[in-house]
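Which chain is which? They are A, B, C, D, E, F, G and H, in the order written, and residues in each are numbered from 1.
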Amino acid sequence: MKRDRARDLLTQVADGTLDLEHALDALVLDPTESLGFATIDHHRALRQGFPEVVFGGGKSAEQVVAIAKRIAERGDGVLVTRVAPDAAALLLDAMPGIECNAVARTAFLRPAVASPVAKSTVLVITAGTSDLSVAEEAAVTLDSMGCRAERLTDVGVAGIHRLLSQRRTLEDAGVVIVVAGMDGALASVVGGLVRVPVIAVPTSVGYGAAFHGLAPLLTMLNCCAAGVTVVNIDNGFGAAVAAARILH
Amino acid sequence: MKRDRARDLLTQVADGTLDLEHALDALVLDPTESLGFATIDHHRALRQGFPEVVFGGGKSAEQVVAIAKRIAERGDGVLVTRVAPDAAALLLDAMPGIECNAVARTAFLRPAVASPVAKSTVLVITAGTSDLSVAEEAAVTLDSMGCRAERLTDVGVAGIHRLLSQRRTLEDAGVVIVVAGMDGALASVVGGLVRVPVIAVPTSVGYGAAFHGLAPLLTMLNCCAAGVTVVNIDNGFGAAVAAARILH
Amino acid sequence: MKRDRARDLLTQVADGTLDLEHALDALVLDPTESLGFATIDHHRALRQGFPEVVFGGGKSAEQVVAIAKRIAERGDGVLVTRVAPDAAALLLDAMPGIECNAVARTAFLRPAVASPVAKSTVLVITAGTSDLSVAEEAAVTLDSMGCRAERLTDVGVAGIHRLLSQRRTLEDAGVVIVVAGMDGALASVVGGLVRVPVIAVPTSVGYGAAFHGLAPLLTMLNCCAAGVTVVNIDNGFGAAVAAARILH
Amino acid sequence: MKRDRARDLLTQVADGTLDLEHALDALVLDPTESLGFATIDHHRALRQGFPEVVFGGGKSAEQVVAIAKRIAERGDGVLVTRVAPDAAALLLDAMPGIECNAVARTAFLRPAVASPVAKSTVLVITAGTSDLSVAEEAAVTLDSMGCRAERLTDVGVAGIHRLLSQRRTLEDAGVVIVVAGMDGALASVVGGLVRVPVIAVPTSVGYGAAFHGLAPLLTMLNCCAAGVTVVNIDNGFGAAVAAARILH
Amino acid sequence: MKRDRARDLLTQVADGTLDLEHALDALVLDPTESLGFATIDHHRALRQGFPEVVFGGGKSAEQVVAIAKRIAERGDGVLVTRVAPDAAALLLDAMPGIECNAVARTAFLRPAVASPVAKSTVLVITAGTSDLSVAEEAAVTLDSMGCRAERLTDVGVAGIHRLLSQRRTLEDAGVVIVVAGMDGALASVVGGLVRVPVIAVPTSVGYGAAFHGLAPLLTMLNCCAAGVTVVNIDNGFGAAVAAARILH
Amino acid sequence: MKRDRARDLLTQVADGTLDLEHALDALVLDPTESLGFATIDHHRALRQGFPEVVFGGGKSAEQVVAIAKRIAERGDGVLVTRVAPDAAALLLDAMPGIECNAVARTAFLRPAVASPVAKSTVLVITAGTSDLSVAEEAAVTLDSMGCRAERLTDVGVAGIHRLLSQRRTLEDAGVVIVVAGMDGALASVVGGLVRVPVIAVPTSVGYGAAFHGLAPLLTMLNCCAAGVTVVNIDNGFGAAVAAARILH
Amino acid sequence: MKRDRARDLLTQVADGTLDLEHALDALVLDPTESLGFATIDHHRALRQGFPEVVFGGGKSAEQVVAIAKRIAERGDGVLVTRVAPDAAALLLDAMPGIECNAVARTAFLRPAVASPVAKSTVLVITAGTSDLSVAEEAAVTLDSMGCRAERLTDVGVAGIHRLLSQRRTLEDAGVVIVVAGMDGALASVVGGLVRVPVIAVPTSVGYGAAFHGLAPLLTMLNCCAAGVTVVNIDNGFGAAVAAARILH
Amino acid sequence: MKRDRARDLLTQVADGTLDLEHALDALVLDPTESLGFATIDHHRALRQGFPEVVFGGGKSAEQVVAIAKRIAERGDGVLVTRVAPDAAALLLDAMPGIECNAVARTAFLRPAVASPVAKSTVLVITAGTSDLSVAEEAAVTLDSMGCRAERLTDVGVAGIHRLLSQRRTLEDAGVVIVVAGMDGALASVVGGLVRVPVIAVPTSVGYGAAFHGLAPLLTMLNCCAAGVTVVNIDNGFGAAVAAARILH
């Protein structure tokens, strides 16, 4: 609850227009809403600037739809990530206007009133074709938060000139998101080339000693270019939210 | 075997009403029962206060049913955990009155005579909707052991007010079980808010660097709120037994 | 802050004896105290039932003494854990009456008024002589929290009769703390013998594939005796707090 | 090649009945046989006392049959482990008299002339019903190597009396194989009770922090009962061969 | 080299005022400078906006001084991190005006002309007193890059009210750096409270299953508050550079 | 871009036959080609001596075909590795003359003009039949790069004579690739027998504590025979490229 | 307690020469002896055939001497392992006749009456000079248990002929202990050469990816020669006890 | 033993100039020499082309000197790696002409007759100043094996132009050794720039999630530039031997 709301409540108590126990409850409790299997946080938009996002992993298709519909009723739009194909089908049926992206595994219903768009763009760079799904998740999330995403695809360091030839694109970005699996070395090179914030997303692409993304995760955490920050493996969503926090 | 039983046996030996070799066997051997592929421990109720529980994982549906039926013949009821769907179907056929819970993956046959119910309640808190299966396993187990479970669902620390608004519920519990995956941070916050015992259950919910529950497990073991104890990943059953040990 | 205190504040607001801004501050802010390098939480005793405990690890001797003295001024006593020898020497100089235990690496100043003592005792069992330091940390902590500790030393499962011969002691305890390194198997055996809560503490005793306590930690988390809970490696303090939460 | 054979060859060279180049080849090269995708080692029986065993994992059903038939032509019998169901079906068709054991996942063709049977028996103990598959693999392997196996099933340490009541059985064995998953604590207790060699087999039974057998593996390697040795996770076959080496 | 410089060179080639081979060298080679054991990158300030920083770890005191002096000759100032005490002593002797901070393990020589200072402040929050060294490294680095740092110390989640009482401070920051060891849960709570970028720094504070910072690292990567990014364990420097990239 | 090409460009600038901006672009940008989801690097053949190879893992069958066709249009041939069965079927349809190898999981279209063949051969040794897939991937890759591969199959160290009997074959090779799972010990023995370069490929063959190839990977990295180098788990392709680099 | 002793006790009860309570105690309790910090198990010799061995690690020099003296009073001799230099000095002072071996880090007091010596010898093979300490610990332990040890030093597989030239020695042993660090490959080769039991001891010799013995441990657990068993890293003592169990 | 030698022996047997038992011994045994704690392999030069190298780690200074002197008596020179300072001092005393390199931690006695020098050079590249010790070990080893080493120091990818400006140097090398800690990304970039063999050496430089070299090790194993091979962490010696195997 915001401080202003608290001041109102206390004024009412002083005025005698609100009794003690109700004020006490209002001060302690918060307008969350329970669906039994989920507790929706309708105040998140106030606190964080973005509507609540539904993580589709580990939820049944029915749970996903029920939560998404309830949030959407507020008119702020809703974004669902890690949408399984069966949940996507259900969502398309149940919520007209929702946009499902199979590569990104997202479902997005735009808010009634579009959010203002940030001035700078976010450049989403991938090391290989296999990293596209994570990059798309980032791009859709950026879109849902009023940020424009540009893409630079398949420019891994094994052919460093592919990246160097795009230096103008690099220099124009307000934030750079680097998506890479296997050796994850792209983050270090990009981090050394630009002065804007760089967010690195390790992916589970690769095999053997990549250990499902552990290798690029460690590479990126030990990035010799200072100031590169890292999010969880395959977490394109998290990288996009961090970029949106920076631009807004 | 209980000391009283041993005293009886020795008295009989002193009386001459029991010969040496039989007494010797009774003192050393225990009334366990072998089904070939399993050794049932009919004395567990005496020793531990609860009937033997069957862990369904890694057992064929036929083995599960055979063991459950044999235990149930004693009339003490039986609880089966990690019941696969085929085993649940077989159990429903073979054992009238057994209650199967698909979310909790449990099958529970109530004892002929209900156990006495503990005075305090156990509060089972989950960080997210995806943790529900583990929380339900805990709730069913508590029920089978004469403890009342209350639930508080989807109150992870990313929206800390959802939890703080429930402080009265927190204060009323006799034991709190915290079920959380991903960052597992909920256990630390709850541990700092209540004075009763807190049992933390890491779940395998999450992806990437959650490493199938390793991340919340480590978080909970390093919990900066003193006195929080931890059970195995996804082990709602174990947390419930620990809570029941505390309340009884 | 406790609900009673909040009710008082609101009553004063209603009475006009407290102005809005002060009430607002009191409701939101908490009487913590900052030493620059530390923020002391004087309300912890109210919330948790025990005074704040100082973790000596990673703090300079001077920092430890400054924090301990500040807490002690309240008269509630103070417990310091992981006290390095130089900090112990400084504490003995600076705080008359403080008791330093070199094996447990603790410093304890009793409160002016002794806390009430719990009825049941806590039995602290160690698998080997090398686990004594951790067990002593638990025992001193229990003492500081008004719990009586009994000890059973060096009864690891390689000689199972050492443990079995003490079943009467096991049965008399209200809570059992099992401290073991290497294979950590003692927790499983004890967990199967008693019906009271069992808290397992893995220790970093051992070598090679013990990996500084990882082996007994995993053993205890996978304990086949249901209801055993686990704390961090070498965390005798945490086990004792958990036991005190149970007994109070 | 055995030294005797080498002596014969050199004698023939000295006699002039064998020319240099042929002797040279015979001394350096060995009568292995190549099937293109496999190199059969027909001398293993001479060197190790047992016929070559085929590891079925990672081989196609056709490869398994081709290798098994080729070995069987020698008349020494053949044992195949980790037989997938399709390979088992093919083997039953192709090799009359072969015995397939679905629990143990083995296929065994007895040699034309039975091997002599060792005097002592090997006791195979399992902690739980879920460990049976590994225990059966050990039992079949022992049979194939002329050793008698006795079984003691589901006697994990959570109910220690189940084990203690079988001390006579324990004392009669020449070697004990302990098969256990989860906490693996059974190996430590058995190791402390008997004086004969104890071979511990961790199993991948369990979940969460069992990490597919890592937990019992570490427990067993850190076994506080001295002299317990360990084989790979789920390696009932290896434990049986080690036991056979001891008894022969 | 910047594109402008390249355009100049090509213009000179077109004018005939620069011969081919020299232009070729200038286009390919870069004005780095080799000290034999180090290659100084004098253009980093142009590319990244900050002077080169010397990582003191793994270098001899003599190497550190030689590199630092060479960089300082440019007048852009120099920052050295992870300065061992002997290197600090040498630096104080060799470079008048250099400021050594023992807690932060840094040495900083201000540039001749002070950099412009960013408008927003960076709030550096620590969970415990033991995290201070890492937080100080961040604060000194921020200072060296023209950013103002505010500190909030010892507000870990075990006493969540210590943090909640500082919400106004949280809301005023432009970027928040969260420094925490043990359970690392502070990052999740802070991430849920503010809308600005949050950079989490796990520390190696703690023991046992903290595994030298692995536990808080995993916690932070799995942070359930979206948009929190992470740097390497104990890497206060890296977090500060990331914050500076955001503010500039 | 090669230095010769750069010299030409600069000459044209000096001659006035090329204007500044075009020269600038040509010097900085590189003739890569974007397919949207992939950036093809047509200069790799110039830089590395081999055409671009397509890693089929994590790409859809349609993406694989699109990329492979685009590369093949140059006439330099194309090699695809980790080809899933559906991609293989599509490739056979779409690209006449392409050779699909199901064991090696490769698709190879020979270049219009065969590359020159290296003088020495590469010996590919496998420890067991289950390692054949990785060995075949190496052999096909060698073929695609103008190197002849010889094979020595199923000669693991458990029957060391199988290897020792092939010393002449070992001595004739120019490079040896050792493919082994489980204990990976074959690399150490081969490394001690030959003087030519040895490249070790750990495989994910095995179970339990092989941890999907981690065990042989560590074995090979710790190889007590000096000068053995290692590639990623199951990376037959990488070993072959390394061998080709050596022979060319 | 042995069954014979139990029979005597019961006979006395039947005879009336022993009262109930005393018999009860004797049947349940065991003649262990507590030193406060240690519980000595005087019956181990009866149960296991060897006197109790003192593990010196993690014990103070004073504790080691107190325990060793108490055991030695029985006249059965005593063996102390992992003896730190200061404990060795104290032991030499306090216990005349004790033999301290600095390489093996052992102290051994022979029993008054020598144990019978086993017929077969145990061959202790080391891969390198750096493994000697572990091998010596094994040799001293074997000596203390009535087994003769032969040594074969520095015959690692990088020079396989060093081992092959000793095949006669290999064939003469009753048990082989293989001590190896780094790649641990020696165990596989030896396991394939002999038919007697092979016990592998990984050592912490090596660096980097040897990870303090993890690499050879995994190698040995995945040993492709069947029937090789493994003990903990650096556990020469455990290997020796296992060998003694086999020979006796 | 070489095949020629074997032919001679057999000829003598045929001639009757050599009796059977002596020929048998000569064929089976090899001229290794035992020092008790070490078995010197005087034939290694024949087999591998280089004299035996002494690994100084884990050996006492006295052992190092004894082994080095014994090898040197052959006149082939000797190289000792990982020489501790005390061993270096002893070696300088005992062996005139030996060259000790403190940075590389090596001691090298040149052979009486210099080996022929390879035509191509080996380029040893380091990412940072802190990697110098490993690079020097490689350089000294190359020198001892008749290879010329060139050095390129401190050219990590955070300032990629430092490397790109040296492309002529890169192109002139016959083999490239890349030495890098932290993110290890340099290997990927170099692997994409050159066509000759690239050997990557991860170093333990770095902190936190570098995990003593694990991070760059994984990076290099997952190198997206094909054909890069890897040696153990900090193993400059092994990389040099691999390079020498390639050049000879």
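Heads up, the rule we're going with is that contacts are C-beta pairs under 8 Å (C-beta built on N, C-alpha and C of every residue); 3 or more make two chains touch, one makes a residue touch a chain.
What you see is a predicted model; the values in this text were computed from it and never measured.
A.B. asks: Stepping chain to touching chain, what's the minimum from chain B to chain E?
C.D. replies: Contact-graph shortest path, chain B to chain E, evaluates to 1.
A.B. asks: Copies chain A and chain F touch; is their interface built from the same residue numbers (over half shared) or different ones?
C.D. replies: Different; most numbers are used by only one of chain A and chain F.
A.B. asks: Compare the contact pairs of A-H with each of B-E, B-G or D-F and report the one sharing over half of them by residue number.
C.D. replies: Most of the A-H contacts reappear at B-E.
A.B. asks: Using only Cα atoms to place each chain's centre, name the chain farthest from chain F.
C.D. replies: C
A.B. asks: Farthest from chain A by Cα centre, which chain is it? Let me know.
C.D. replies: The chain farthest from chain A, judged by C-alpha centres, is G.
A.B. asks: Centroid of chain D to centroid of chain G, CA atoms only: how many Å?
C.D. replies: 26
A.B. asks: With centres defined as the mean C-alpha position, give me the chain E-chain F separation in Å.
C.D. replies: Chain centres of chain E and chain F, defined by C-alpha means, are spaced 40 Å apart.
A.B. asks: Any idea how many Å lie between the Cα centroids of chain A and chain G?
C.D. replies: Chain A and chain G have C-alpha centres separated by 58 Å.
A.B. asks: What is the distance, in whole Å, between the centres of chain C and chain E, each centre taken as the mean of its C-alpha atoms?
C.D. replies: A distance of 37 Å separates the two centres.
A.B. asks: Spell out, as numbers or ranges, the residues of chain E touching 2 or more other chains.
C.D. replies: In chain E, the residues touching two or more other chains are 28, 47, 128, 159, 164, 192-193, 206, 208-210, 214, 217, 221-223, 226, 232-233.
A.B. asks: Got a list of which chains touch which?
C.D. replies: A-B, A-C, A-E, A-F, A-H, B-C, B-D, B-E, B-G, C-D, C-E, C-G, D-F, D-G, D-H, E-F, E-H, F-G, F-H, G-H
A.B. asks: Write out the stretch or stretches of chain C touching chain E in their complex.
C.D. replies: Against chain E, chain C makes touches at 1, 28-30, 32, 34, 36-39, 41, 43-44, 47, 55, 57-59, 63, 67, 82, 202, 204, 212-214, 217, 232-235.
A.B. asks: Mind listing the chain A positions that touch chain C in their complex?
C.D. replies: 3, 6-7, 10-11, 13-14, 16, 20, 23-24, 27
A.B. asks: So in the complex, the part of chain B that touches chain E is made up of which residues?
C.D. replies: My answer: residues 127-128, 156-160, 164, 182-185, 187-189, 191-193, 206, 208-211, 214-216, 218-226.
A.B. asks: Which of the residues in chain H come into contact with chain F in the complex?
C.D. replies: Contacts found on chain H: 3, 47-49, 53, 167-168, 192-193, 195-199, 217, 221-223, 226-233, 237-239, 241-242, 244-246, 248.
A.B. asks: What residues of chain A sit close enough to touch chain F in their complex?
C.D. replies: For chain A paired with chain F, touching residues are 128-130, 132, 153-155, 159, 161-162, 164-165, 167, 205-210.
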